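Please find the structures below.
Paired with chain B in one complex and with chain C in the other, chain A is shared by the two complexes that follow.
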Partner chain A sequence: MPLPSLPATPTPGQPAMTETLSLTDLAVSHAGALIQSVDWTAIAPPLVAAVAALAVLVADLFVPARRKQLLGWGTVAALALALLALVPLRHGDRATFCLKTVAGTTDNAGCSYVADHFALVFQLIALGGALLTALLSLHTVDEERLPGGEYWFLLLSSAAGAALLPASRDLATLVVALETVSLPAFALVGLRRDRLGGEAALKFFLSSVTATAVMLLGVGFLYAAGGTLHLTALADGLDRAPAQLRHLAEAGAALTLVGFAFKVAAVPFHFWLPDTYTGAPVPVAAYLSVVSKAAGLAGIALVTTLALRPYAPTWGLLLAVLAAATMTAGNTAALRQRPDAPRGAVRLLAWSSVAQAGYLLVPLAAAGYGHSGSSPLGATAAYALVYAVVNLGAFAVVAAVGRTAPGNRLDDYRGLFSRRPGAALALAFALLCLAGLPPGVVGVFAKVVVFRAAIDGGLGWLAVVMAANVVVALYYYLAWTARLFAPAPAPEAGAEGAAARPPRTPAPLAAAVALTAAAAVVLSAAPQLVLRVVDAALF
Partner chain B sequence: MEATQAPRTVGRLAQWAAASADGPARDGGYFDAYAAVGLLAVVGVLFVTVAFTANRLMRPVVPTPEKLLAYECGVDPVGEGWAQTHIRYYVYAFLYVIFAVDAIYLFPWATVFAAPGYGAGTLVEMFVFIGFLAVGLLYAWKKGVLAWT
Partner chain C sequence: MNAVLIALLLLPLLGAAATLAPRAFGADPEVRGRRALRFGTAVTGLVLLLAVALAAGFDHGDPGRMQAVTDVRWIPALDVRLHLGVDGVSLPLLVLTALLTFLCALYSTRRLPDGPGTPSPLAFTGLLLLLEVGMLGTFAVLDLLLFFLAFEVVLIPMYFLIARWGGEGRGPAANRFILYTLLGSAVMLLGLLLLGSEAGTFDMIALAARHGDGLSRTTQVTAALAIGLGLAVKAPMWPLHSWLPDAHTAAPTAGSVLLAGVLLKMGTYGFVRVVLPATPDGAAALAPYLGALAAVGIVYGSLVCLALARPGAGGDLKRLIAYSSVGHMGFVLLGIATLTPTGVNGALFANIGHGLITGLLFFLVGAVKDRYGTADLDRLAGTGTATGAALYGRAPRLGGLLAFAAVASLGLPGLAGFWGELLAMFGSFHPAAGLSRPAYLVFMALAGLGTLLTAAYLLTVVRRVCMGDPAQAPRTDAVPATAPLADVRGYEAAAWSPLAALTVVAGLWPAVLLGLSAPAVKSLLGGG
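And now, the complex of A and B:
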């Protein structure tokens, strides 16, 4: 330390000055020079979720068994708080964990965490989706005797990862965030501990771990060729990469994309999805279909548009083919669902979510084809927002019906309108939005936005494939909607009569149904709330 | 004699590999440099194959029941060859991982935290990290995992 070794000074005026000088020296050159200053406001959304996860886990150890309900409500409160933490960031100009040495620091090239509008939209999906999932699960945890503390801990951890992912701007943070989303999800799927749950968790685990291994290899190759992990700087690095490393970089890009394709369950990497969704508790399936999928999608968007910019035409074509295959396979399989198969409702929604992932990939593919004007990523963000709301709404009603009809076959929905008009109307509206038919106006607009992105990008053939798929999908969405309003099957009603009145839907579940239905109706009345994302500059 | 020869052989191989890596690399074939590695693998497989085949051709085969027993340090084998480890050890494996990860991060930290420029913030950060690990241990303890059953 320099302070004790100060030379003794003869004059009375001198010492104070010398001391001040050396103190300022100390302040400038030492304190905090090597420790980054962290913008805590910027990282608040994932941080609140992560800290709450830890708090719930510890609280679970000390809370008596009959008060475990409190943990669930604590989780809901924490997720609401994390959502509120998005409000001060709304200008989208925060960045933290920045590296000063990376070239081009005028923009956020050297930052690992950037809270721009792209990140904020996907954080809204992740945290809002997790909040609705928590509302859906409050009764599930009690009724299915899931371990409370662990369930909420895992849900919050996964949500923290999903909130971190869209804001991360280097490959290491991206992979860590993606794993933070997935690892708790395996356990959530298998938490019911029956045979189906075990199978579901194992399939999910194996395919996801394979994807991670493949992706890590790809990331390693990209790092070797580009010389940096920061996404924007990596694009420049790949541009300047020596010719002999070209194949390495291309292989790395392909492997990384394959890894992400597994995570969003794009065809041909989708085979784990239906069994995983049907084996998991319904709220967890809802969570996977919305939050986990949105996280994977955000990852693809970041890696392709930021890091792999030099290879834009190549991955543009690759994503276009993936999108076409995904929507076609998803819709074809959804068409083949029999109405009397057990757990048919969840399985149909699972295949429908595969098809929807195909639509979501379309604007990303268009981004690879040198899109003029506004960024097509806005279309993906808007579609993802709409899809999150209406898909969670559909899952909420399925969870409510699943309480009285454990088989949860599609036939169990026959005549739902006469028994529970509210739930039936909510499900009908959600299905119409998913199909893209009026009065589900917001679904129509979301589809139009995606179409426009495809056509602007010069992907006419993909727009045609998508149009055909939308028409095909109408069949199974409308068949389900029609079943809701069909007369109830006579023998069952006669046998059970008034005694078979369904028990009251728990308040949180009813709140989740009402919240999603209200959001879908409001968005249909004022779609500009979502569609302004389309034209905004996201990055 | 063999011991002194081995390093020299390796050295010569490395020289040759370096030379061969220099040549083709200039011609543009980056991965040609790995030809030496491939050649080494081929030589290794050939060596094992030749040795075992020669062994089989030259040895007399006169089996007796005693000779066919599993060899266990010259003593007659006891019990089955199949042994199972108790599943409860997995918890200890997990707890070990907690401490192993702990140590991996502590070592580099311990070498720099007193250096100028780090200071109290670094100290606090590490204790936050250890705090996270301690939560894991606390969880295991409260769930009764640490008691031997």
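And now, the complex of A and C:
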């Protein structure tokens, strides 16, 4: 299997390419073609994160124990730098690792790495989400005595994978990127060495490895049927595939999608998620719910709309059913969360993230029906952006509350407003955005965009299912919001000193809360900032 | 002019935002609360002044034209525009909203429910102002998605007003209110999106001007059904009304007044503004069903009220007035269902009339509940041989006002309740072409029966609450002796007299309102 960093030379297994590149060309006029020129600017975002990951791992050996905080700040700086590296790419016209055609020119169909707008949006989510996770983690690493060097290394590696994934345009790179996201994540979940953490990591690991194996099988089938790994070329290959290979190709498509469905925790591949989230440190749960999920979603979007175009109606229906089942199951389970259950807050957010994944799948399903003018993928991108901001905001407050109430039950949020008005307002706003109810205006319009995609695609029934789900979800979001403003419980005897003055929130954590809340408020006033991706040509 | 309309929406929004900074209102919670309430009164008062200025600057010679129009891009990606404007249909509702909110704020400065677990008045002010933004916005916006947004803005403040300041059973009532309405509005959103994406625009003016051109009949019926369902939940139309009695009973006085006075109108306004002009075929297809359900609602509401008013039934006065709203809104919906200018004008008039009268009634019942500690008719008036609560004898002005509001509500000619119901029935006597006249005659007969029943229960209420021998009036926990009951206080008079006065004005001089709405309705119905 060719790795993305290798120079892409034609192999006998790629019949689609042999007609565009002849041996004489190689021998005579393109002597330099064996040494591929790499567009370093284009790959800078994942590269910065990957290099920083190695740097942190090495630096860990030399930094004295009491200065380990520096590693965390280094990670924050590296992720900020990686985000900055997105700026020069904003025109979305870069591509690299390309196969050359006869004339020596390239088109994006033969490229393994394309930094188009789709990639940029999801890279923004991945790197921004990782940056906020790093801010959330700074105090966790100290307080829970997690091994600093490893933690930051794993986070950066995973972020590098998440940034690579949306830009990769061949199945091999896609699989490698997805594994780069997941493998460090298992370790991150398991870093807290207690029973819960171990169980969480094991569940996550086993289900994820199964998914990967299934997906690799699917990729193999697709390669066999289509004759290429490049997504766009694969679509043509599948179109021209001989009739006896059609079943193989369809099985391959289904298996590949199943693999991705595991990653986004779509029903029925979602059962690992709540235990994993609750067992992991809160920032890691936040990371999984946003970055890892966005990566999986980007993968589904790429595979379906680019590679599996010939089977659009089939996967359109499949994704629609998945979406409906996912949102319904997620919301039903979230409804049943008891307020006094330990770690109930994280568990509720876990189920809510299952439901949200269902909403995110709706436009992808609509893309399969695709008789609308504009691509519905923009709706998914916009919704994912909004979801990333507000979900991280909610997790940030949960992390802050979790410091004083280790149980992190939903009941611990009763009367939060009277104790910490700022945190309570931030959480309330985030929850209302997730619910899609004003004053969380950006949440409303994110939902509107998804609804519109469904209706434009002719998926009226899915829109109705989603409407019902939005109402169901409102109930638990609102119950939580109401709890924030409920009268504070009578302080227990002996705990009065602690109740009088909550311990100061660490600055990075406060910054994460403030940042996400401010972003949500600004986006609510000017939703165009994020909704512009709806109409943009993403590919 | 358009600056006035923008300020009208911006001012309460900024006011609501200001309440998020508690430090600005002083350090001491007591002082802070008082200042917050006064701040709320000042802001809503200013909004009322702006609304009056808007009405004064309105070109009354041409009420069918959109005036004070602002139209700027907001979210180009979704084609959402900040498109605002008023015409003869929305202007009275805007003024009514501003007036009722101001009166509620004024009333609340003196009479805000407090006790353990009640949040600070600061939060109350913030929620009230946010509520006002949503209510005013609904009547002022001319973009479908913005309409939906404004429609939703009211949910959270009203939820918290009920859930935190409400009476018995407030938690379930608030939940039921918000889930019901949200379910309705989610369906409405689907309808709006269908309409917008088929027509290619979300602009209400453009949609109204097109009058359904270019939309297939199926699209129109589906869109009208979806949008209509959402609006019917809000209005509320029988059998989708069941959230209303609980919400009203549990809500604090200010909440009940605004719920009945304004929130219900948002539903009927939506019918007139969106469904009738944008999907005329859909409206025509669904009108008979709407009319039938409206007629059932009228009779049903009155029958429930009759049952509640019966001695021994343990009826709650607030619940009774809530059910009477179901009946009254039935007249509004019946007027709309006739699809005739007469009927729709009647509906709009009844909207305003109901807002004034029921607002006043909820204020009065709230005051009775404050004084007696209960709104239970049996405990107020007694059962069996008891003669009644004797409000005339014990608090004559309060009793007199209650009787006034009750007879206004039953549609006494010369008061605001009369014209709307008359016109609605008149409209259904001659429904629009294409509608089955016999069916509408039946609806009209049912509505007529409803007016009789309405008179019956309201007069029962007046007899049981206002009349009687003061010496024999039953005792309640809050009023142990037959000591004179506090009569109308200064702040109460200030909050109630405008409503009473306007009820008389609207009843004696209906041309003011009808002159405004008639040309606008004509253009919305496509008659010019």
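What we mean here is this: the second predicted complex is superposed on the first by the 492 of 539 C-alpha atoms of A that agree within 3 Å, B and C clash if a C-alpha of one lies under 4 Å from a C-alpha of the other, contacts with A are read in each partner's own complex, and residues count from 1 in each chain.
Quick note on the criterion: a residue touches a chain if its C-beta (ideal position, glycine included) is under 8 Å from a C-beta of that chain, and two chains touch if they have at least 3 such contacts.
These figures come from a predicted structure and were not determined experimentally.
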item: Contacts of A:Gln244 with chain B and chain C, given as first, second, both or neither; value: first
item: First (chain B), second (chain C), both or neither touched by A:Pro439; value: second
item: Chain B versus chain C as contact partner of A:Val449, first or second or both or neither; value: second
item: Of chain C and chain B, partner touching more chain A residues; value: C
item: Which of chain B and chain C A:Ala468 touches, first, second, both or neither; value: second
item: Touched partner set for A:Leu54, first chain B, second chain C, both or neither; value: first
item: First, second, both or neither for A:Ala482, with chain B first and chain C second; value: second
item: Footprint overlap on chain A, comparing chain B with chain C; value: none
item: Touching residues (chain side chain A, partner chain B) in the complex; value: 29-35, 54, 57-58, 61, 244-245
item: Contacting residues of chain C [partner chain A, same complex]; value: 20, 22, 74-78, 80, 116-117, 119, 123, 130, 134, 145, 148-149, 152-153, 155-156, 159-160, 163-164, 175, 178-179, 182-183, 186-187, 189-190, 193-194, 197
item: Chain C partner contacts - residues on chain A that touch it in the complex; value: 382, 421, 425, 432, 437-439, 441, 444-445, 448-449, 451-452, 455-456, 460, 463-464, 467-468, 470-471, 474-475, 478, 482, 485-487, 527-528, 531-535
item: In the complex, chain B residues that touch chain A; value: 25, 28, 30, 116-119, 121-122, 132, 135, 138-139, 142-143
